[in-house]
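Listed after this line are the structures, all set down as structure tokens.
Each of the next two complexes has subunit A plus one more chain, namely subunit B in the first and subunit C in the second.
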Partner chain A sequence: MTALVRRALLSDYFVLGLCVLYAAVVVPFTPSFLSVGNGTNILSTLFPLLIVALGQMAVLITGGIDLSATAVIGLTSIVGAMAINDETGWLAGSPLATPSGVVIMLAIGAAVGMFNGLAVARSGMPPFMVTFASMTGFSGLAVWLTHSKAINALPSAFVVLGGRTGVAFGIALAVAGFAHLMLSRSLLGRWLYAVGHNPRAALISGVPVSGVVVSAYVVSGFLAALAAVLYTGQAETGSPVLGQRIFLDIIGATVIGGTSLSGGKGKVLWTVFGVLFLKLVDNSMNLLNLSIFTITMAKGAVILLAACLDSARARLGTP
Partner chain B sequence: MKSTLLTLTLACVALLVGCDKSDTPAPAATNGHLTIGVAFETLQTEYWVAGFEAIRADLKQRGDTMLEAVSDSDANRQLEQVKNLITRKVDGIILVPKDAKTCLPMIKAANAANIPVVLFNRPADKSDARSVAIVADNLALTRETVGYLVAEARKAGKKVKAAVLLGDLGDINAVGRRDGFDAAVKGQEDIIDVVARIPTEWNQEKAQAGVVNALQANPDIGLIFSSSDFLFPSIVSALKSVGKYHKTGEPGHVLLGGFDGDATAYQMLKDGYLDATGVQDVYFEAAQSMQAILDLRAGKTVPEVIRDPGFVIHRGNLAEKSAQMWGARVAAKK
Partner chain C sequence: MIPALQFDGIEKRFGNVPVLRSVSFQLGAGRTLGLVGENGAGKSTLMNILGGNLAPDAGQIFLHGAPHAPAHPTDAARAGVAFIHQELNLFTNLSIAENLFLTAFPRMGGVLIRRREMLDRAAALLELVGLAADPGAPVERLTPGERQLVEIARALGSDARLIIFDEPTTSLSAREMNALFSLMAKLRARGLAMIYISHILEHVHQLCDDLVVLRDGVVAGQGGVNDFTASRLVSLMVGREVDQLYPRRTSPPTDEPILEVHGVCEPGIVRDISFTLHRGEVLGISGLMGAGRSELARILFGLDPHAEGEVRLNGGSLLGASPRCHIKRGLAFLTEDRRHEGLCLNASIADNLALVSLPHYARPPLGLLDLRRWREAIRGIREAVRLSPQARDTQPVKTLSGGNQQKVVLAKWLLARPAVLILDEPTRGVDVGAKQELYRIILDLADQGTGILVISSEIEELIGICDRIIVMNRGTLCAEFLRPEFDREKLLAAALLKDPSA
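Take a look at the complex of A and B:
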């Protein structure tokens, strides 16, 4: 029995099992939980969260944290909308508006990531402080750009990117596949884990620690911007405060999946399951007609439980 | 790699395939009673809580069921919640959106499902999305409130420096209140000198820092208008820190005006610290929201905007008007 529990806890599919168990428990109380409409609804909000969580996972694996992910979402959302909206956009009416807008958003996200990475790697400042400062600064910049105003009238080709679940699924699948390849098959992936386990040992072993750290933050910024493309498309509006409140979801989903806050541990599949579990909890609590206060407290409890399980798994996994 | 992609794909497919194709509605409308989805952007201020509770009480009185959703200021989460309500086949949706633009896809989704949508106190931008908004005339009420403050300043007979706390200018109500303030002080330059326009984005910390900064730059500010009463604790704290929080009639009193009519404003009016506030009639708006849904369901023509006339309450009419002020009722329950 003990061996079975140990195997279950250490399995890659542990959180998926929790998802199935959770769904089985809530279905009798929420009949519409298993409706097609609700399934599509869960998926449409799951994909952008998955993308930004995968970026956060890359940073967490190195032992860092990227608090600026939500600021990147807001900043890139509003800059993208400023560029491509059909009324006042710099690229209004151009057939290249949508691809150019996406490229601009991704470039800004990567640039913010580069800034964070260089500050962490070169100055030796704690990632928490660096990314907290950039979160504050870039959030302020996003709000200042339009004085807090949201922008709509986005091209339909752009709206489709986030608004159609199938398209968002394709993008998320491609990102997850690429991230999996990077982590499991590439040298950069091995370096990320090495830096997260022990940066000093990694440096002595010839790993370019600074470059690896910068890469992780660039990936995080880039993927936060990609998530912003989907979120903006869903809302059909660029907003400087888009995604401002989802940081708990990003960290929660990543940690629930099993990525360690201490670094050196994390898998794409774990994050997929973590995001799925968090969305199932969120969605079912709405369907149960619980108040926002109850939902927030329950999510906090679930994340705490996940952290406890993570620590139990770490203990079990230690020889 | 293969297993990861396969698992991801299977997880998504399983979620959809495992779903019941019938899209089972949750609490169906029975015995003529309706199920109404109430989706609020936030419950962080007394006004929204009072509105939420007024709608809840109204629905309870009618024997209807309320499905609630609060998005914690997250537009994408609110879109998900509205889609949830649509999936559950509610009979109508009362929505307080984050702003005038992000609600458009929500309204379109409800339109597509033929579910009437009423926007409570925060209208949407012009578009082809069909909805009804119940909203106070922010501009007129603010103009009247600030007009009262200007008249009081004029009675004192000397020029007054003024500060205005602006809300989130992505919120059309905040824009209306800003415009109402500007309209009231326009042409009054002989008595009013606006020296500070403080952006708060509906944030108390920003409001407090802004008022402190304004008072440092202009210690002789004599009039402050807040675009919402919920910012008064920040203003009071800033005034107290520089020893300028005095009752009407006392030397050094700063003329104070606000908007909403919450319990704090009522108490400040009663205690003599607040001069005037524009009151939104939350109970009127709640009742009209439900009536609009009923009318839309009955196929009646409903105007796109239903105005809450509201009123200005000040020291002169406090006794007469306080019974209609929602903040006074909230204060009485405390």
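Take a look at the complex of A and C:
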């Protein structure tokens, strides 16, 4: 029996099991939970969250944390919309508006990530403080740019790109597949884990530690911007406060999946399941007509549960 | 007379593996007992049972005649058992006095600490252990040796009647070690019972009255210390005759320079260091702790800066490059701190083995690894260093014994096929059997033409494996000895010279 519990806890699919269990418990109370419409609804918000969470995971694996992801989402959303909207945009009406808008957004995301990464790697400031400061600064900038107004009238091609669940699925699948390949089989992937385990030993073993750290933050900023493309398209609006509601979800989903806050541990599959679990909780409580405050409290409890499981696993993993 | 400590038929299994099998011995009151054995022989398990970290499956312990069955480390501490560990358990941000009374602050009304009383009592304890330091000073300002004295003071302050020293000398300088040994003699004269655990058999002979040898969980031998010659002790520990701890070289060193060091200076650290290492040569660096040996190695490897001087590897300059460039050029560096600088302890054995040579297996454009070649290389190197065959590649490296961990560090460097290997204390905390295997690997490398620079605090080790030894003293090179001139006394004298420039 204990051996079975142990195997289940240490399994990669443990959180997927939790998802199934949770769904089974919730269905009797919310018959619409399993409907096709609700399924699409869950998926449409799941894919962009998965993309940001994968970026967050890259940073967590190196032993850091990126609090600025939501600020990147808001900033890129508003700058992208400013550039390409059909009324006041610099690129308004141009056939290249949508692709250029996406490129601009991704570049800004990567640049913010580069800033965070260089500040962490070169100055030795704690990642929490660096990204906390850039979260505050860049979300302020996003609001200041339009005096907190949202921007509508986005080109239809852009709306299709983000708004169609099928497109979002394709992008998320590609990102997750590529991330899995890079983390498990590439030099950079192995270096990310090594830096997270022991940066000192990694440096002495010839790992370019600063470069690896910077690249993790660049990936996180880039993927946050990619998620912003999807969120902005879904909302058909560029908004400076677009990402604020998912601040908790990004780190929560990653940690529920099993990625450790102390570095060196994390898998793409874990994060997929973590995002799924968080979304199921979120959605089912919405269906039960619970208030946003109740839902937030429940998510807090779920994240605490994840932390308990993490320490239980750590104990089991070391005889 | 009632013995201070008696183990009676202690048994312990982990899963199906017996680690202690009917272990029985006793420690007479006021005596010092040396406990020796290879890593994995069961010493730590036995001490963990004594200290309340583990419960025995069978058997009993008697402390001064009374049954001792601690359920928790605090029970053991209350019964007067104190441990002085190799990894020190002090809070470096707190003061000496606070560390001494952490669990038993003298208090007013149960809440407020009586500061004055605490400092006075701390001062008295420090005097007892011979540490001249302000009890209010933070522990982080103390050297490793001084910290150990604080630990001993803490044990005495809590009225310990039995102190266990577990590898206490690993991080001490020669002077600190002598201070520790004379304190132990003083404590013995006061009637305190002690257990001394060490791989350094010389020290065991010097300090102990009685000896117990553990091998594979059983008592392989016990008796008065004079009943054991060094070679008998080693064969009892290893279970076979170790006729030659230091293997022989098959081919002599060459005259071909491979690493040339010219006038390396860094103010306050090293002064005007010049020497040449040849292909196939094992060059030892001897000296006291703090003489600048490890610091020199770090400078050579590009980890620390240097103000002046030149380092050439294979004729090419290594000036100011990062460790990464040094590795590409063919340099390897096994640091003295295996746990913090050598290994990613929580990562798997395979990941640790591959860390240095990983770029060799990456293919453009994405840097994907050629997993087949990678696995083959790992299998090959595991056999070459004779890593414990029971250990799985995916197992965290921290689950290995010290000797096997050190083999992993050495192996990860060997996979990069270095031209020059710098070894800083390569056998620290490693048992006799594994030591011999490590020497074999090192000398085989030298036979194949690798240049090897060894830093060691064990003079016997340097004499055993080196072709040439240079001595460092306060940041300068002060003497050089060729193999025929090796002499323990002369080496020590050079290291201890008061004024090396004279």
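Annotations
Throughout what follows, the second predicted complex is superposed on the first by the 318 of 319 C-alpha atoms of A that agree within 3 Å, B and C clash if a C-alpha of one lies under 4 Å from a C-alpha of the other, contacts with A are read in each partner's own complex, and residues count from 1 in each chain.
The rule is short, and it goes like this: a residue touches a chain if its C-beta (ideal position, glycine included) is under 8 Å from a C-beta of that chain, and two chains touch if they have at least 3 such contacts.
Quick caveat: nothing in here was measured; it's all calculated off a predicted structure.
Superposition of the two structures on subunit A leaves subunit B and subunit C fitting side by side, clash-free. In the superposition on chain A, contact of A:38 is made with subunit B only, not with subunit C.
Of the two partner chains placed around the shared chain by superposition, subunit B is the only one that A:163 touches, whereas subunit C remains out of contact.
Look at A:203: by the touch rule set out above, it reaches subunit C but stays clear of subunit B. When the two complexes are overlaid on their common chain A, residue A:61 makes contact with neither subunit B nor subunit C. Legend: residue contacts after superposition of the two complexes on their common chain; A:152 is shown touching subunit B, with no touch to subunit C. Of the two partner chains, subunit B is the only one that A:291 touches; subunit C does not reach it.
With chain A used for the fit, subunit A forms the apex of an angle whose arms reach the C-alpha centres of subunit B and subunit C; rounded to a multiple of 10, it measures 130°. When both complexes are overlaid on chain A, the residue A:242 reaches subunit B alone and has no touch with subunit C.
Touched residues of subunit A were counted for both subunit B and subunit C, and B has more of them. Contacts of A:185 after superposition: both subunit B and subunit C are touched.
Taking every C-alpha atom of subunit B against every C-alpha atom of subunit C, the smallest gap after superposition is 12 Å. Shared interface residues of subunit A (contacting subunit B in one complex, subunit C in the other): 181, 185.
For subunit B in complex with subunit A, the residues that touch the partner chain are 1, 3-5, 7-9, 11-12, 15-16, 18-26, 43, 67-77, 79-81, 83-84, 86-88, 98-102, 104-105, 125, 168-170, 199, 201. Chain contact summary for the complex, subunit C toward subunit A: residues 14, 301, 303, 322-324, 326-328, 333, 335, 340-347, 351, 354-356, 358-359, 361-362, 366-369, 371, 396, 398-399, 412. Of all residues in subunit A, those touching subunit B in their complex are 16, 30-32, 34-45, 48, 143, 147-152, 163, 169, 172-173, 176-177, 180-181, 184-185, 231, 234-237, 239, 241-246, 268-269, 272-273, 276, 283, 286-287, 289, 291-292, 296. Within the complex, the subunit A residues that touch subunit C are 181-182, 185-188, 190-191, 193-194, 197-198, 200-208, 264, 317-319.
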